[in-house]
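Each chain carries a letter (A, B, C, D, E and F) given by its place in the written order, and its residues are counted from 1.
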């Protein structure tokens, strides 16, 4: 997910504008327009950093000099310096909170993602860890990018980039086979087709109908294992990717990986992230 | 925080647009443009609901009929129906995720806020629980509204509505007294002045200088208690509100309340919320 | 590609705003604010209509009543009535050109697409006809939707929905195998990988490396046939879709289809469309 | 039509944003953020170039260095280098298609316009060739600018800059004389008044009523000649400009010019342009 | 200047959004969401009303019922009811100030314009009173519309709708004749050419060169009279419109009209308007 | 009120875009793209300058060099040079009017504000002079900033930054005491509460109920004095700030100050400003 800096800049400035309102009244009164400072952005706890490019883009757009001391995806520790900043004091103080909010959120998401990815890796699994569309509204780019930075898979980005036939679609269409076949006939060759299923039988039906990916929705690890086995038995295992989704957490993720699924998705990666604690400190006045 | 529905509508549609991209390709292929459905939005766990007006506004803007079965701030349980919806199937399926994302986030924030507010109340405290500006970028309205719905205080909304002199401002100005006096001289009569302090001595200095609110930043409960006592001793207690901020969690909030502060603020209310699990189910096809 | 009407409305209104400037000065002077009219939108030549939903959305957003007499994708003839409209005269006259511009462009694209699709079908081919990203800037939704309406394939919608490794990427990476393998390792499971190749040898290399789709760029029909045959010989034919692209026109499309490729893409479908002639006539004054 | 570069930049970036979606996933995976390239934009067929300033504005906004090797309005040939570009590889590859789409469209429009203008000039006519408001929706600036670059006349830019009384206005008002007189009485002194007529008699009526310009709508060359003659006979020729419009093509344009009209307008200049084939080639990696 | 209501609505809502910020906190706390009211908008001084359509559009967009009791351009008196409104109390109270600000400004402009127009009319002149581009930034539509409502001429709306060669252009080009001839050769037939002159000699030069309108910039009434006479003597009077501009006020406008100019423009109509005093009163609670 | 330059830039460019339309046709034809100029912005009458930062931000955003010769809030005289500008001639000429419109409006507002502030100061009063929300729609930032520059108080910026209980709120709630108490119970600790009253008795009621500020609405100086005295007598004077509002002008402001109120607000500061006359002169061609 590469956005040209100028395009990213606009997104970052939109956040700042919301926070500033008609102007920062504290900074306006207290700080001289000609005052310059040096500052650093520092981690206050261990984690995986994300958002370095996003934060730097905001700072540069505002005319501040910024030097990144770490790269996206790097592990940082309490007191690790992430960015060194230099420039107009009013501008930096006004942008401080917006800057930290995006860095903290993205780093929090990357930290959790990386922890899960590493957990699976250490246990010997190659299963993919992936996010869902349960992002904060308006923050799809940032949440997905943070997952990617943490080593996760972005999954579908929006409603136009993959077919995902969900329970409510099937309720209306009537059955999985019909839904998959109708889709296959019409859909662009450039898209994959994923189908959400709720029983082992449906998983087989979806695979037979020609789905590229079968999503086991809210299966217990036992059910998921049975689904994988059954697909193998039916000679369908090689034809589909299998995703486990729903009710999966850091605690039971190994159990799900053990079932043999290819992909494990967790909504909580983006809908309930824990921010990484990051702060900004002025280190020198006048530069 | 009242936004006219038409103004709110625009915010909600912006979220939807991001998620839709050039169009929902699944719904487009599978669902007939003339298909109508009935559906319900249902809580899948206990909590406090928020975002009912926001969700309804989106649905109405899209031409769907909606009937709220609960009100913002109400406690809901697993299986409680929040909304009943009726209308065009394609439209509802395309909007489903945006709808649930905003409801789940707002309800998650309200649930946590309410829990803390109740905890203090049960323990006999009238201390205010308040959020900070550590919201998700772009979501200030929604995050603050959810805190309000949960019984919390919104605190400063953006940089133009209260003076908050923070550590970095003081670093540049040199001392608290000078900062407060300079501000008081210039600031509009319509604004309050809050000062962030890091020692008991500074708390006294801020109060003497004329701050309306003193924020004890990262004080231990013991330090906070000492600050309150010292302000009392100095005859300054009645002149200021006292806010404790930094490092406060559900576990230690009672300790902080016991110190006698007026306000307790927690960044995690909005920067690390846990979404409430809410889903949408189609209940009838053709209406 | 389904966009909720409210989202589509905003796109249509943006076009109108550009055209109106500070206001329609002719209509303002000549037409009474209370005047109402009936009108019809009529084809002035044969073709396939597209944009009925888009046009209707604009009219409804403006408070006009509209009744579609044909459906998207339908063949129309000189004098076929497409829409019947009723309502405020000033509003309709101000919107007339914007309305016709979108209908004429979309119908022109659909007409050409349908002609090519039918040509292949009649000649017994099931080859897909597809557009490219060579749309008019800002009109991706409308151009792609028109291609879809004409029975074509939309191909990639924007840069985030499929991997397409082009000549310039390969120039930088050095070779196709490396490019495909690097991509496969990192890319989300939800995306397909297409590779643009310029020789038969490269086509084989791309297929072996694991591409999902191989795009034969600027191949003559003979070269394309050779590519297909070679992939068959190598046992790779079933593993990939083959797209022919570059220099394909209405005149030589049958030759390309005869080569056995799966997909034929034509930039001219959207970069050089011929508008369908459509006009608006007022049929009754006062309604 | 001069737009300050910063204003133009915003328009160009809007096109890019639509095309990028949440990010270019191919470039993101394959190209290092630190990679730089040299590239050239090359014509692949003969024509008149337009959009050099627009394309350069986009590239500069993205932080790329660009050197224009030709000027707007210049004739180019197969292999003529239009632009030389240097800078970040990811950024250039992501912007490539947007860049080429605008250059190709504008150059295609300028090429056709210039061909018609030259055709008339060679035949000894000074008749103006002009576009209409039948532009691609949202692209009025670009389409009109391209016509201007090709030596054509932009005609009315939007609904606020000239009075154009069309058939549908007259249908409502009842007659031409009344419409023109009512308009003249109210309209700003800064505007001209043009009237669309469908018979020679109406042309005379419009001129007598005080129109500045008479538009002969869908007149055959013979009818147009008769209209010109009649206006001369009535002593009205010097008082009005005469525009022929409707059904005019490259094939019959000389016939229309021979009628003595002042202006010939063609909708197809902008509603059915043929793009000029232009491509981008990377010429050096690392700069 | 006719804007479709939906287009106008967006402009009005933008004003409201700026004023509301994250929400009306007073109304939110004090007024029940279900409370409805009746209210009236009342003039508190004599004047000419403008902005009735704009105000009504805002109210309707917000879901309020509105009944206009006067029409744009009508003379109103202290206590004249302009609008009757009915609907949701929170919404109306939140929109009150935005509503009154636009009505007061537009009515103030219309009132002054009408007074000048009437003054000239009573003195027997047909000279046009016109505004300039000295509007409040961002309010061109509203300021020009108000002038039009007061019986004035809008003059040029923006930089694309008439040629106006000003002193600074001439400084660069060198002389008026060259500037006019160069413009006439290139400009679209649809545009008029106006030239700003600072001496009688220049006025003659501009007229001879082919200007459509000559603007006498900062001429005293005596100089203006001399310019008119000289143009008559030179046989140029019929070929041009003459505009007097600069330093003209309510006090000296009759003197300028007496010089025989066709048009008198006054920047102060829009850059220094006096608002008309208008207020909103709630007349009934519960409706 | 400090806005980062990049945020301010966007506001300024929006004004320019409105004025430019599809392009400046005069400058486009007359001025070469390579022409450069030096110019100065000059006051044509005495006053207090405001908007220097806003104007400079626009010019810099457009790539022009600018040197401010005076600072915001400084008194200037006829012929004082405010800005020296250097750069591309087309760009400067296109931006001239937008530049001057913002400078003239802001300086006009600052001039009037300063005059009133000085008048009070000279008469020995420390009463604050403040604006209201009666700004030009969309120009709140600019109007409030100009008041601040003139030494005035901005008052409430939008509906989210202070509680202001007005007549219409009280009409609905029933009485002042109830309204204030209800508000105090719910409102964020960060906000002040102001109440509009229309009698001395209400002023006392508001102060007793706990208002922070009491606004005497449309009181005569005598009534205002009585209100102040009564509040003193009741021992409430120290608990509230007192604002006089309504019907106050330059002529009677001293009388109001003499009553002992703390704050005097005047809507006319922003709803009926008189622009300061400022012009731009090109001083050198080629730089």
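In this section, a contact is a pair of C-beta atoms (placed from the backbone, for glycine too) under 8 Å apart; a residue touches a chain by one contact, two chains touch by 3 or more.
The shown structure was predicted, so the numbers you read here are calculated from the model rather than taken from an experiment.
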| By label order, what chains touch chain A and chain E together? | B, C, D, F
| request: With residue numbering as the guide, point to the option in C-D, D-E or D-F that repeats A-F in over half of the contact pairs. | output: D-F
| request: Averaging each chain's C-alpha atoms to get its centre, pick out the one most distant from chain F. | output: C
| Roughly how many whole angstrom separate the Cα centroids of chain C and chain E? | 44
| field | Chain centre separation in whole Å, for chain B relative to chain A (CA means) | value | 22
| request: For chain D, jot down the residues that touch at least 2 other chains. | output: 1, 20-25, 27, 94, 140, 157-158, 160-161, 188, 191
| said: Looking at the complex, which residues from chain E come into contact with chain B? | reply: 13, 16-17, 20-25, 27-28, 61-63, 90-91, 94-95
| field | chain D contact footprint on chain E (complex, rising order) | value | 1, 128, 130, 153-157, 160-162, 188-192, 194, 213, 241, 243, 262-263
| task | Sort out for me which residues of chain D touch chain F in the complex. | result | 1-7, 10, 140-141, 144-145, 157-158, 161
| message | Taking the touch rule as given, give the residues of chain D at its contact with chain C in the complex, in rising order. | response | 14-15, 18-27, 29-31, 35, 37, 39, 89, 93-94, 96-98, 100-102, 104-105, 108, 133-140, 142, 157-161, 163-166, 168-169, 171-173, 179, 182-183, 186-188, 191, 267-268, 271-275, 280-282, 285
